[in-house]
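Take a look at these structures.
In what follows, chain A forms one complex with chain B and a second complex with chain C.
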Partner chain A sequence: MAHIMLKKLKVPANSGSLEEARSRTFEFFRMCCRSIPHIMEIYNLYDVVTPSQLRSAAAAEVRKNSNVTNPKVIDMLLFKGTEELMNIVNQSKQRHHIVGQYVVGNQGLVQDLAAKDQDTSNFLKNFYGSNYS
Partner chain B sequence: MGLGLLASRTLRSSSRIFHNNGPTTHFLRTITSTPDLNNADASASAVQQPDLPPRNPVGGARVHFPNPEDAIEVFVDGYPVKIPKGMTVLQACEVAGVDIPRFCYHSRLSIAGNCRMCLVEVEKSPKPVASCAMPALPGMKIKTDTPIAKKAREGVMEFLLMNHPLDCPICDQGGECDLQDQSMAFGSDRGRFTEMKRSVVDKNLGPLVKTVMTRCIQCTRCVRFASEVAGVEDLGMLGRGSGEEIGTYVEKLMTSELSGNVIDICPVGALTSKPFAFKARNWELKGTESIDVTDAVGSNIRIDSRGPEVMRVVPRLNEDINEEWISDKTRFFYDGLKRQRLNDPMLRGPDGRFKAVTWRDALAIVAEVMHQIKPEEIVGVAGKLSDAESMMALKDLLNKMGSNNIFCEGNGMHPNADLRSGYIMNTGISGLEKADAFLLVGTQPRVEAAMVNARIRKTVKATNAKVGYVGPAADFNYDHRHLGTDPKTLVEIAEGRHPFSSALKNAKNPVIIVGAGVFEREDKDAVFAAVETIGKNNNVVRPDWNGLNVLLLNGAQAAALDLGLVPESDKCIESAKFVYLMGADDVSLDKLPDDAFVVYQGHHGDRGVYRANVILPASAFTEKEGIYENTEGCAQITLPAVPTVGDARDDWKIIRALSEVAGVGLPYDSLGAIRSRIRTVAPNLLELDERQPATFSTSLRPEVSQKVSETPFTPAVENFYMTDAITRASKIMAQCSALLRK
Partner chain C sequence: MASALRSAILRHIRVPATQVVSANGSRLTAVRLMSSHDDHITKDEVINRVLDVVKCFPKVDPSKVTPEVHFEKDLGLDSLDTVEIVMALEEEFKLEIPDKEAVRIESCEQAIEYVYNHPMSS
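And then the complex of A and B:
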């Protein structure tokens, strides 16, 4: 089981090259994917999210840093990702953490999907957002 | 004296010069001073030493020599300093870059010389002298750092602290206390105090100044301030010796509009701010240098804030505008910024109650209504606290909608915006000090612009200038002659039939000040024509002197006229179907048709909101960056000190957003862009902190056939403490109005 492996996880040595870091990233993502069924189980997420949605959430988190090319930085990000995954799998978090971070996401509960702001300027979009932008 | 001795002396002094570039300088000077100083030659040669590092005057002070022959030279700690005759020893030391400790001396007040903290040693004087009261004499050798001076200060400090309570931890002055600082620097490290400390009964000076009289060190700065600057003989010194105390003799409040300044000049915590008491410590406050907008003076202030809250307002030094004083309204209105604030866009429902809506909905409704109304029925009114940027945006928006009915409240319906000299103070506020005769027309400067009044009082006190006043009975704190109450008096003066015209005629620099309350009069043009005739007959306007002044009332007025906020029709309110109030609360909406749609954009739920259909919350001047022009034509900028309240937005942003929603997008979306738009209209508004005088005098005005009416002038400001939305929301200002108004 993936989560049992995870518990024994050690921080690996630094990646020697970008290639090595890249392969480690994929390995990390696969590990995430493998632990998703267990996460669904322990946090009882069946009624709010599907495994594939969680997978896309995890992929989005990885893609957020797709511009990073420094292997050292990638190693650091992998370490933080592993730590986060460990916290989730060990149930150091609670259900609302998972729901808030990976199910609802940054947009918040109210998702304005209306098309009315489509042709407005950046100024107006910022204006609706806040006074300071 | 033998040759050998002379030779050895020369040798010694040269060797001193040789050794003198190190830390030993001080040591040598202290130890060998006495034998050297008894010998005039040697001390002179010591003075000539080039070893001393150059020093700069305290606070970057510069010396002005009115007459170059009167320059004298004194020596401060060995530095030769050139100063004009008549300066005191303390001022000479400041020029030499030595800051002398002091309690009673204040550069803007008369000299008392009673604290004895500024004692310095002067050569050939048997005792240390009080430097603040001793005039500097040519060739005087002043020593500020000798054991005698230090011992004198330590002794004075010990006597002061003998009766000063040890309550610094609960004292509001703690952290910015002169006594605290100077006892750290000059005081003794131990006390010999065994007896009881004296205690003094606290005085009630009103809702603004808190007194803890036991802390008073009898420097008498507040007494001198009250009688010299504020012009009220309220405070005085009672008793003698250890029974000496400051007080009002009989139970009496301090009824000056400048009373808050005694808080700043008090060197200890005896007089502190009552509203600020126990609210914050001065080191946890963030200071933002800004401008006061509650009157047209534009006093320079520092807004001290903690987090999202304005904790207090203190003055900043600006010699041309407010010197270092501010009025009580400026200092204490800030609690109004926390009350009655509008924080959400709101829409009046069919039941007459306001309902909070989103910005999107609010702007969409306003834009829709605006398009259904004929352009000439759209009216915009800028409020008295508006900044230049938002007024520019409002004018551009209305012009794009096809309307040109926009004005600023207080300017009247026929403002004269063509000649700038016709609505600003042409002498400048500091220029009033050169005047030797004043004619005040329909203005009570004491309530309309307290800092201008302080300047007039300073002039009257210094030069015995004559003051004539035409207007309703008013309260002055200097000698004046009440000439009449209606404009007929002006005609008499203009025709030379009035006794005061000879005073004006004989004056070298006469000044006429017309109050902005005249703008609202029917016979405004005739009054101004009469004033101009007086000016012409008495040589008020010359190439080197323009004494024809207008004293404005509100912070927005001058900029509004510069930007050309002039209504197309004077009946625009009566025929309006859509009114955009940008913070305008004092404009009369009685004649507005009932079916008119009113948008109120502003920061306080004040008079304008009662009639509004839509409320758009905006930021107050403490929360935004904005240009304001004061009554003398000096543009200054406010800076945001605290964040905006709730969902409010900056004024110009609201108008810019509305323009886009309405489909008439304004071509700027940053402050920089809107300022370059202002540059094309009124470039003087961008010359910050520098007074821009008017180019043409009012003599270019066309002739007026209007006759002055017999209606007496009316007071323009009814209550000094409550003039706008912020001050009307302030609890402290309400207390002041109840207790201090006469």
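And then the complex of A and C:
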């Protein structure tokens, strides 16, 4: 249902107060959460991630900007967030975008899993860690 | 004309009310076939499933979770975490909680109460 709602979405008027921007942020986050089942379906993500992990990833994206207190900036961030969500829901992205950004992106693209990875230099590890955001 | 005839007929027709008795003699009163909402979940089941959802939340210490626990005061979560838990509950019980009611769910107790009283929860 959420993804049908998303197609009719328009740019709202500016938030008058921080409180309004705050409630809009929660509204946006709820919309993200409600499109997760659809996203799981269209990108076939069942074997790599669970809906609750995706929900946490979305919450982490919102939390990245938790220090912002200017309602205008929050409005702009919400606009960008909605744009991103629309791109995902309309399948303007491909599976690896989603997997890279929201599934493995949180832990870093390159992970030390095998025994030989332990010998990699710290310089390379930092490089891999910083090169994807 | 047609409506007058219809009301005149409806006033006179009486359908005899008979009790349907099944083979083993029990009365079949509240059986709605093809309906998935008759077997409403019990309070215990609601409590267990709500607590499971809250315990599975990564930031929550599962040992602290009780049916009376408050998300922000007792579990140290913030408002975004609370929204996340409410969305997880929506998914678990296949509900869609309107925003105005979702902001009022701030503790396990309120969540259990809301889900239990919701006719569509399953």
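The working rule: the second predicted complex is superposed on the first by the 107 of 133 C-alpha atoms of A that agree within 3 Å, B and C clash if a C-alpha of one lies under 4 Å from a C-alpha of the other, contacts with A are read in each partner's own complex, and residues count from 1 in each chain.
The rule we apply is simple: a residue touches a chain if its C-beta (ideal position, glycine included) is under 8 Å from a C-beta of that chain, and two chains touch if they have at least 3 such contacts.
Being a predicted model, the structure only gives us computed values, none of them experimental.
Trainee: Once chain A of both complexes is superposed, is A:K80 in touch with chain B (first), chain C (second), both, or neither?
Mentor: neither
Trainee: Once chain A of both complexes is superposed, is A:H97 in touch with chain B (first), chain C (second), both, or neither?
Mentor: Neither partner.
Trainee: Determine, under the contact definition given at the top, whether A:P51 touches first (chain B), second (chain C), both, or neither.
Mentor: After superposition on chain A, A:P51 lies in contact with chain C alone.
Trainee: Looking at the overlay, does A:K125 come into contact with chain B only (first), chain C only (second), both, or neither?
Mentor: A:K125: touches no partner chain.
Trainee: Answer with first, second, both or neither: which of chain B and chain C does A:K64 touch in the superposed model?
Mentor: neither
Trainee: More chain A residues touched by chain B or by chain C?
Mentor: Partner touching more chain A residues in the overlay: C.
Trainee: Touching A:F26 in the superposition: chain B (first), chain C (second), both, neither?
Mentor: A:F26: touches chain C, not chain B.
Trainee: Which stretch or stretches of chain A touch chain C in the complex?
Mentor: 1, 23, 26-27, 29-30, 33-34, 37, 51-52, 55-56, 59, 62-63, 66
Trainee: Residue numbers of chain A touching chain B in their complex, please.
Mentor: It comes out as residues 116, 120-124, 127-128, 131-132.
Trainee: So in the complex, which bits of chain B are touching chain A?
Mentor: 358-360, 619, 643-644, 648-650, 653, 656-657, 660-661, 665, 669
Trainee: Tell me, which parts of chain C touch chain A in their complex?
Mentor: The contact residues of chain C facing chain A are 56, 58, 79-81, 83-84, 87-88, 90-91, 96, 99, 102-103.
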